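Right, one structure below, let's go through it.
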């Protein structure tokens, strides 16, 4: 915090927390292995924290890395150091920026990976042609000049739905409650999840991500769900039980309501068949499952 | 066209083409087959054309179907008549509306189908749990009171990319041309396609859609592409050769430019490895391949 | 149409209509008048039609203008020829491309103009600082090598709402009709409009656009609306009566439904006060008002 | 945190922070003052924190308020208690939910207000017809069962641009720096701002919001900007100096880069006139200006 001399209501006006960087750097790398190309598509955000008070208060940019330089650096380092997972590349970028930016003392690199699958042609995967897969993978690496690192991975935009084995009952009823209880409804959500590997920077992040995604999907299917809350906790616990590398996992689960359409008005039955998938409003259930401190 | 009495610049002001309907009706149907549920998710737009001049000019709504009624009807008819493909359901809806709406003489039902795959759990497809697949399927049925029908199907949002076997050379060079020729670039596009089955209303639309999608993907991979134009025609021709049911196919293909990032400035080589996936501007190539009139 | 030799079901497969160009060219021009800067922000799409069969069928790009050249050209011509309205600039661009692109025989330039207002500072409009205004202005110019031009202008994304003086009654009632009649509802829509100036290329397009927008807004307010259809026609007719330069005007008017929330369940009255603004589905009313042929 | 019995790597798996609620409740209220209707359009998100472990871990929903009830409550309370600002309504909602939801001990109500202006008709503001204004206003109220409140307001989506009086120089140059220094560039950003009124719940929030917005806009215009950072701090300090009610203000300012288009290649000058408004990547500068603790 920096004193900026002015005072109002007896307290000085100061500069609080700041950060800056480059967002939405769209990087594609091609690995031209003979007979089997690979591609990696990342959207990268770089953000630096540090001592930027002189720039904010006095207009003195000395020692500030231009965000354009951050952009150039991401592409340049991708040349030799993007060889495996997004997480490992993030670690390389954070290390570089901590060293190269004299005023930065903490650096965050956030990435969204767009996933591609090989096109099947003539019954086998094509060597250099790809089709975009559903959903997105995220990775975030934060490091500081004391050498502390934290690595997080995640999933965006994973839509799932089960047609039965879900209900919602036993909840509070007050003056404004009109929702009936049910023991059979459609459960559908768009999974957004983030999990932490703690300070580990050399795990097999690709294998872990595949396994965690599969574990989340399988757990979604394997039980009667009395609430989104219950399913959230069960998915989180399943991941932590199966993957000791994971310190903590967070879910943000919108409840995509499917409302049975009232066909009785037209003299028709509707035994759980025809639904309106309502866009808004939506329930939103969020929570973290983690390892205890001790 | 209807005379509305007023005159300007010597010519009367009249009502021209009109249509109205309900858009974005979000319908989900569950088929509760024992041991193996199925789901169908459609976004349905209904649009009617006809003699609506009295409503427009005089405020007389006699004989107009409320768009709320169209909504109710879509859900009600889904109960018994949505049993197979979106196209077949569209034909049922069009027939109903032509009969039920006295002032409509032409009805269009446009649908987007969101595709779901079964979740794999314990090594096998789960009986009632699904995950959203990439891309979207479209279907459109138009019918009129003379009994003419036309059925169209399509694909939205199918991203494809090939890392090699594509170029762009031999084009016009003028004062404003700076683009170098290339015989090796990344080719990437988001396929939007619509094809017509003509007046046929009883085809196996699901099997056809799967086959046409596969044919488009395979053709994308199977040649050196001297231009998006060439690949467009080749994909269209492949579909028409393989599927005699298809009268005509249209493609809209944005060219998602991948620009080799200039690393020479930093003393580094970049032999086709590190690219900037530029969001804008983008090339847009559109065209139709069809059967000749005779 | 071009014969491509192949035959299926007795009819040859041919190339139909094609076009290509550059989309989403983001252009900002600053006019540095002393003491009073002006800015113009346009998103430009260029599209050419013509004889592109050799490229599509044989991979021969001779005479094709690269879309990258179209981009360069838009920026280069903006230097000297973007001096007034978007429409006038569109005419310049179309003329240039018809001449410069030997294979093109028809050129379309579509523009979206993002509107800026001066920031008020110290009680007066600032000389070089701007804030984005609501809504968007569109312009489209099409020309062919015979010298025919057509100029269209339009409005996107103009949200309007009236709290009373609107109803919907007297419509068809059938088995699936549940909507009650009303003579007092909220009417709200997002105006999308396009109007044609015919072949005129030298009108005062800026003044016309301002006047037509104001006429649409005023007409929206000036009557009891028995339907969106009626208001559509009335707005169109008002524009044609006031502006003889306009040949025809088209409106696309989604009906943004505002549903009175049922508070009786909680023992409360709700006399037209508390509404749910429903996002989907929505009614969509479209129509054209035009001058008669004779 | 709740012990869930399972252990991995020596530490128990527990439930961490959770919250749930209803999002995207679209509320419109009409105030039917004779001769001068008013409207208020809000998108409301309700979120509760508290003791939800039994639901998460055991599937016991006792005491949980259904998110559907939250929705009903927002509309019901809007009837009598939405009489002024969004902030004041938020305080009412938070108080209600803290009392009505036995398991909630902290409640957050976040709102986005869509702003409407009266349509000018016949030279004067119309009594019941409105057109959507640019930009959005936000408000957020958090309260807990100890009676602590915090009230925040904000602005979303406020685009501003100045054509001169802005530069970027004196920054760090390293191996990957290619950006030249400049003392005259276009500065454009989309202001997202949030400011805190601390625990005050009875301020004149509407007047404050108008004044703060105006102060931000004016300060944007009133200086040579050596960096977005400098302008951020100056805008924040101006708000805190003028409005003692504000404890702290945060800005998130994307740098919408305007790149001078290289016309020299075509033998043309481009003295700060023709720009490419680049969509990505973009710089992102964030920071807080606040009052010191003492």
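Should a chain be cited, it is by its letter among A, B, C and D, assigned in written order, with residues numbered from 1 in that chain.
Going forward, contacts are C-beta pairs under 8 Å (C-beta built on N, C-alpha and C of every residue); 3 or more make two chains touch, one makes a residue touch a chain.
Bear in mind the structure is a predicted one, so any value in this text is a computation, not a measurement.
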item: Steps needed, at fewest, to go from chain A to chain D via touching chains; value: 1
item: Label of the chain whose CA centroid is most distant from the centroid of chain A; value: C
item: Between chain A and its twin chain B, rotation from the CA superposition, multiple of 5 degrees; value: 180
item: Fraction-based call for chain C against chain B, same above half, different below; value: same
item: Chain C and chain D, separation of their C-alpha mean positions in angstrom; value: 30
item: Averaged-CA centre spacing for the pair chain C and chain B, given as whole angstrom; value: 22
item: Centre-to-centre distance between chain D and chain B (centres being mean Cα positions), rounded to whole Å; value: 37
item: Residue list for chain A, restricted to those that touch at least two other chains; value: 26, 72, 76, 176, 178, 266, 279-280
item: In the complex, chain C residues that touch chain A; value: 175-176, 178, 265-266, 279-280
item: Interfacial residue positions of chain A with respect to chain B in the complex; value: 26-32, 37, 39, 41, 72, 75-76, 78-79, 116, 119-122, 126, 128-135, 158-165, 186, 214, 217-218, 220-222, 258, 261, 263, 266, 268-270, 272-279
item: Chain C residues touching chain B - in the complex, by the definition given at the top; value: 1, 3-4, 6, 8-9, 11-26, 45, 47, 52, 55-69, 71-73, 76, 100-102, 168-172, 174, 176-179, 226-230, 232-233, 237, 240-241, 244, 248, 250, 254-255, 280-294
